[in-house]
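Listed below are the structures to be examined.
Across the two complexes that follow, chain A remains constant while its partner is chain B and subsequently chain C.
And now, the complex of A and B:
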């Protein structure tokens, strides 16, 4: 991702993240990134780059610099609070033999 | 939260190198913001950039025939293929940029001759049959190389390879079909197809890189799970696939030593001219200068478009993002 403080002229076209809805009923998912001078061109480039074979019915483009990520290190304790709560999963609970539809 | 207020116990500090080694050994992907050894980062940048450069330089030999394709059908196919190569280059530059390099910087290195592209693209396309031979052999070799890269340890590169491989199989098939049409056409057409295969066969085998005993980066790349098979293994796999396909095409592969080895269960093939490979790598191939010169020229002549688009964007900057 680009540094948002860098002036445009120095780096050329800014970077955009592209999200594609592959078909109706599915959510947009990250397809990749590309450079474009503005949002409209980013959409056009995204169409040419990621949907040449009808891989999408809708595209979102977001300036990479506008993305806030959870942390610089994806393995950090940010996700720890979820780690010790196994009771949030149905497999935590024991059900007597023969009981169905549960 | 200050550490003494509660919350989960602080984790024991794990050595980042150890964590990296464990992730790689467990076949997990390394993602852009993970810690990685500097040498791994450098290797990935070098390999992905070289791959990206190969895609965009690879547009030239085939682009050479778009204006002279023999039918509208062949022309449409060729345009789609060359457009795909541009797309593959962009996927790969995007993957390289996740490592903290800038695409413009990589292009400068290519133009200055300080980063390489696959030496195969320094051979000329003399007839339209070469479009077929490139699709069948060059793209076939590329696919053989790229399929294992879909499981490469670096996530963004592996994901780019998945997309590339999906699209590349059309490239190989259209090449095979083209050669098949020529080969079963008039005797002149058959001769043209054979001539193309004669010229592209050996350079295609060189695409897998030097033999295992003289491949400098291989061992480290295997340890890092960037590479999963040796150059010679992949080369053998490719030869084994091509021999029956050549028979179906009724074209000869230009190697008198080609024969089935019952014990090995593989096709034996003759020695590769590694002097030629080194010469092309050094810059003394038939088209090295032409390819880079053309690339530089296209980049320079396109600069006004890039600047104009930026100027337009600056003048039409969106107003402040509205408060929600």
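And now, the complex of A and C:
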């Protein structure tokens, strides 16, 4: 009982990011994150946590530590220049009939 | 007559023998699943990590689903109007037909993993064989459950390898789990007249035939996990005849309390 004040995550399991592909033909999307002792167990936990209701046909797990994220401080130079470049949007095309995922 | 057969007639629990053989067989399988489900559910809010808690609860729910189908089938076979709830919540200890292995307390995580390994390996062989049962309900339950149980076994194997081949402490606990539970595995493979009578019509599987593939599967996992198969000198049994350890009564008191205090209560 000496460690009763220790938070749960303090067992030392690393954090993993989970990507789930919901259907064939679509790409994997970020579903959430979880703790697991290693990659194999992370896959199992991801199956239990994120595909309980038939959400997936494929799962990736990636150590969260391996993700390099953009920093909030760099937000302006990173994202603002795209704001006035409307010609980059594919909004000038007609989507062919019957195409649902483009 | 073997000694065990005379014990069976001499100490049969109240109500035993009232069920047709096919229903009694379904009751055994259903009670195994129900009681282990209840035990695994006890880990909720107590597991080492919330992810593992989900995994154990998921397995418990799979087992509960199997138990519901099997108990319903047993009640229909009996033909006295007892449904799954009547069988789960209105029977006393001596009327339960589960093996002793599933009713033992969870112990530590190593013991929980050891039990899941022993039991899911048995259930996997059992359901794989029962898929070709001539009882269409048993065959259907087995066909669905075999995939669930393959996952339960996979979970138990992964943890057995990690704990067995992990730290000195995890190895010690995993080995202790095997040591304590291994003797109870023998009961899973006991043949008795009831099971054997259902074999010629291909309703049931003779439990004894599942032992060899089980031994082979377990041997491979245990040695890879740097553990050893304990040399046990005893093999307690009696669950199939309603003779249980002192632990089942406590489990039933908790499991049945709500239903018995508030009959007909619903969510």
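Points to keep in mind about this one:
What we mean here is this: the second predicted complex is superposed on the first by the 71 of 102 C-alpha atoms of A that agree within 3 Å, B and C clash if a C-alpha of one lies under 4 Å from a C-alpha of the other, contacts with A are read in each partner's own complex, and residues count from 1 in each chain.
Quick note on the criterion: contacts are C-beta pairs under 8 Å (C-beta built on N, C-alpha and C of every residue); 3 or more make two chains touch, one makes a residue touch a chain.
Just so you know, these numbers come straight off a predicted model, no measurement behind them.
Contacts of A:20 after superposition on the shared chain: neither chain B nor chain C is touched. Of the two partner chains placed around the shared chain by superposition, neither chain B nor chain C is touched by A:61.
In the superposition on chain A, contact of A:44 is made with chain C only, not with chain B. With both complexes superposed, B is the one of chain B and chain C in contact with more chain A residues.
The interface of chain A with chain B overlaps its interface with chain C at residues 8-9, 11, 13, 34-35, 37-38, 41, 48-49, 52. Those residues of chain C that touch chain A in the shared complex are 48-52, 54-55, 58, 154-155, 158, 162. Those residues of chain A lying in contact with chain B across their complex are 8-9, 11-13, 15, 32-35, 37-39, 41, 48-49, 52-53, 69, 72-75, 77, 80-81, 83-84.
Here chain A touches chain C in the complex through residues 8-9, 11, 13, 34-38, 40-41, 44-45, 48-49, 52, going by the rule given at the top. For chain B in complex with chain A, the touching residues are 7-8, 10-11, 19, 31, 33-35, 80, 83-84, 87, 90-91, 94, 97, 102-104, 159-160, 167, 306, 309-310, 312-314, 316, 318.
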